[in-house]
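This is the structure, below, for whatever I ask next.
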Amino acid sequence: MGAIHVTVWGENRHEQVEPKVAEIYPDGMHNAIRRGIEARLGGRATVGTATLDEPEHGLTEEVLAGTDVLTWWGHAAHGEVADEVVERVHRHVLSGMGLLVLHSGHFSKIFTRLMGTTCSLRWRSENDRELVWTVAPTHPIARGIPHPIVIPAQEMYGEQFDIPVPDELVFISSFTGGEVFRSGCTFSRGNGRIFYFSPGDQDFPVYHHPDVLQVIANGVEWAAGDRSRRELPAVRRHDSGDFLPSTAPTAP
Amino acid sequence: MGAIHVTVWGENRHEQVEPKVAEIYPDGMHNAIRRGIEARLGGRATVGTATLDEPEHGLTEEVLAGTDVLTWWGHAAHGEVADEVVERVHRHVLSGMGLLVLHSGHFSKIFTRLMGTTCSLRWRSENDRELVWTVAPTHPIARGIPHPIVIPAQEMYGEQFDIPVPDELVFISSFTGGEVFRSGCTFSRGNGRIFYFSPGDQDFPVYHHPDVLQVIANGVEWAAGDRSRRELPAVRRHDSGDFLPSTAPTAP
Amino acid sequence: MGAIHVTVWGENRHEQVEPKVAEIYPDGMHNAIRRGIEARLGGRATVGTATLDEPEHGLTEEVLAGTDVLTWWGHAAHGEVADEVVERVHRHVLSGMGLLVLHSGHFSKIFTRLMGTTCSLRWRSENDRELVWTVAPTHPIARGIPHPIVIPAQEMYGEQFDIPVPDELVFISSFTGGEVFRSGCTFSRGNGRIFYFSPGDQDFPVYHHPDVLQVIANGVEWAAGDRSRRELPAVRRHDSGDFLPSTAPTAP
Amino acid sequence: MGAIHVTVWGENRHEQVEPKVAEIYPDGMHNAIRRGIEARLGGRATVGTATLDEPEHGLTEEVLAGTDVLTWWGHAAHGEVADEVVERVHRHVLSGMGLLVLHSGHFSKIFTRLMGTTCSLRWRSENDRELVWTVAPTHPIARGIPHPIVIPAQEMYGEQFDIPVPDELVFISSFTGGEVFRSGCTFSRGNGRIFYFSPGDQDFPVYHHPDVLQVIANGVEWAAGDRSRRELPAVRRHDSGDFLPSTAPTAP
């Protein structure tokens, strides 16, 4: 098949109002992520970006229909994301669009909507060193990733992380303070594949870390799934012996 | 610990408007389920009921606070369940209340809210025989259950059943027409345990079937979990070296 | 990376002694499987075969070292497979070689060795129709596979199938008699990926069925994993702060 | 049902030859574990012990037939455990006997036989502090367990831990050096339940730690499973429509 169409979504607010963040990410975290994917996937992906302050947050029906994998970073402004756009993204994920949720995106409307839980956690932003250990060595997302990834300074995220049991637990992180976190988790929802990856805070240059970017690139390829199909699961009545899809969804 | 406090929730509409259903369940499906649990758990459970047409659907804060396990059957009137009550039940499940979702409850607001998916499926109501096979023989919900349970006539529910991958797949059903269905599935969400069990349609006397009632009674005991604790997972900041719960949840 | 190196292993005994089987598979089931993979993967795979009656069953250290994915079909002569060869295959799987175990291979020495269980099941060979339903629609092994696959006549395999809980349950089958079976299951063991797929009996032309062959071809691509690495997991002592692989495995 | 019959198996060699270990465990680690279970389960369990140097290692057919849950600690003398006894324990586990494997028991013959993998890991014995975090808050084994358990000094066990993906991941540990380990894992094999729990080294007084002993007591209750039944899964032929167990296992 052709290139994977990726849309990197960024809240892009910290970068505009906090000089410290702007210094690390002069053109926004979303562009650092975009470049990281482009550099690693080359012709296997075409990558665009979208941000909160664009009309419809840059996530129109047309954009989503043309997106194979969406990546999501948000933090300070989760509440400003329009419910209508969240429903649209939700529908596309269940229909087969891949989704990568990054770091503080754990508290985004789209992630909590997909998980059904609070997605709350333990935290501290105090320059902890994060080590990211692989526990699923056969998983495609772990290919070529050092064991462990060493991130010199990061926000601490710790358990209890209130998510459903992941389909696959790929990475577990530890922090200087001794906390642990399920930092790389996959989920299937409907016909879509979701990867949550926690490293990446606005206050640290984590999206310039080559291993972190490699995980994200691997995650994009994994989440792309079967791009020949984009269909929302629906209720269908079938007569006995009729195994073909019926022409239209029905109510039970 | 003392007896498990169970609340059996029933939509209780079909029984009022359809003579055929009223004949099978003269005092409602919820009372058939209640009696089935009482007969099997004896002094280990105290069982009450609540229905859609009661104020707040019978699910006030006080009722839920005193409920260890809630069972849910709904079908024709999912849309009439107040969103406020759904949020309340959702909060109690994430805080540790057990939940059994029965049959057409797959499409209830509370189940789709907890699952994050459409929960759609394949169906046909044509007197198929259902066989319920155990695939997790060590699971407490399967104790004392014949392999298979034979249900002479039932509505067919078939795959694709659009749910997250269950934590544990306990039962798989087949139907006369050859369809299969993941008919017994457990999920953990927050601090709560959820069991979905599909046999049970208003048009057939399934809630008089002793094996079906035994599964429900087993499910109640399994879902009761750790009744010493009812707490919603919350975001908490911890200093390095501080492992005790901090006094108050905080925002990251 | 280059083509996936596949070795199709066949017991190849029924084909020699039973005219009925020889008629269906004149040059052996292994060659039917080989051609099915070649036709579907084209230049993405190079496929060889090996059989029980070759020296070392055709599975020398050199052959296995050059094999990315091994497929295994055996039935009447499991006991004739040399323990030494089983240990060799086991070591290569744990080191990263992919393995597809087909049909009656459930009782092979290599599969029971990897699973740790009896791998026993319910069975009947009476021309049951088998329907193979997809329950993991986002899995690469399910891509392009009809829902369900219809196999007009097959041996029945039913639950209880005594295997560990699969990492991923991809397919569930039903049979004319109403039995169900977890017919498509993935497992990770060590650095290797394993796919068990049950359709395929010597008495029926199942390995001429295009959908069955497509599943096998998909399974080969999935199981190939990360071919840049072939390493047995080993015990290693690490000093505090030493995260690099130490030079040699050690005993704890 | 009556009390759970527990057999605590100990290698009991370090205690005899190393004064440091004998000082911590004057009558052996197995007796410390036995007392810990007795103190916590009271009349709900009767606990015996067995050790390597007894005839048949104290694990005769009669002893195992009367054991609901076996706990296993071994280290220096895994190789001295007779294969015949390992096969006997294996058969009883698959038939429904619960098994707790403790610490260095990861390398025992019985555990590697049940897992099918190398069970190798990363290690260092240098007084690391171990923190044991709960990641399955609804699991019965986690009831009443602090989050985290703090163990002042322990041998470090780290990932890659070469085990199959656990059915349920209950605990994750971190160590002073930053390593992480899946320290509490459940598995079902056949009709038996297995719990692996890693804290507990002969050089540290870990089996005097009240939280560690509480986990072990919880694990015993969880692993006891359905004690009304002790049966090895077997191959059985069934005619179409015959769902009852046939009288005798058969070969396919």
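All chains are identified by letter, namely A, B, C and D, in their written order; residue positions are counted from 1 within each chain.
Everything below uses one rule, namely that a residue touches a chain if its C-beta (ideal position, glycine included) is under 8 Å from a C-beta of that chain, and two chains touch if they have at least 3 such contacts.
The chain list, named the UniProt way, goes like this: A, B, C, D = Trehalose utilization protein ThuA.
Note that this is a predicted model, so its numbers are computed, not measured.
Shared contact partners of subunit C and subunit D, listed by label: A, B. Ranking every chain by how far its Cα centroid lies from the centroid of subunit C, the top place goes to B.
Centroids of subunit A and subunit D (each the mean of its C-alpha atoms) stand 37 Å apart. Averaged C-alpha coordinates put the centre of subunit B at 33 Å from the centre of subunit D. Looking at subunit D, one finds that residues 131, 136-137, 147-148, 158, 160, 165, 167-168, 176, 179, 188, 233 touch two or more other chains. Per the touch definition, subunit D reaches subunit A in the complex via residues 129, 131, 133-137, 147-148, 158-161, 165, 168-169, 172-174, 176, 178-180, 182.
The touching residues of subunit A, when paired with subunit B in their complex, are 94, 104, 107, 113-118, 120-124, 126, 128, 155-156, 158, 160, 162, 164-165, 167, 176-177, 179, 187-190, 232-241, 243, 249, 252. If you check the complex, the residues on subunit B that touch subunit D are 96, 131, 136-138, 140, 143-144, 147-148, 150, 167-168, 188, 191-193, 225-226, 228, 233, 243.
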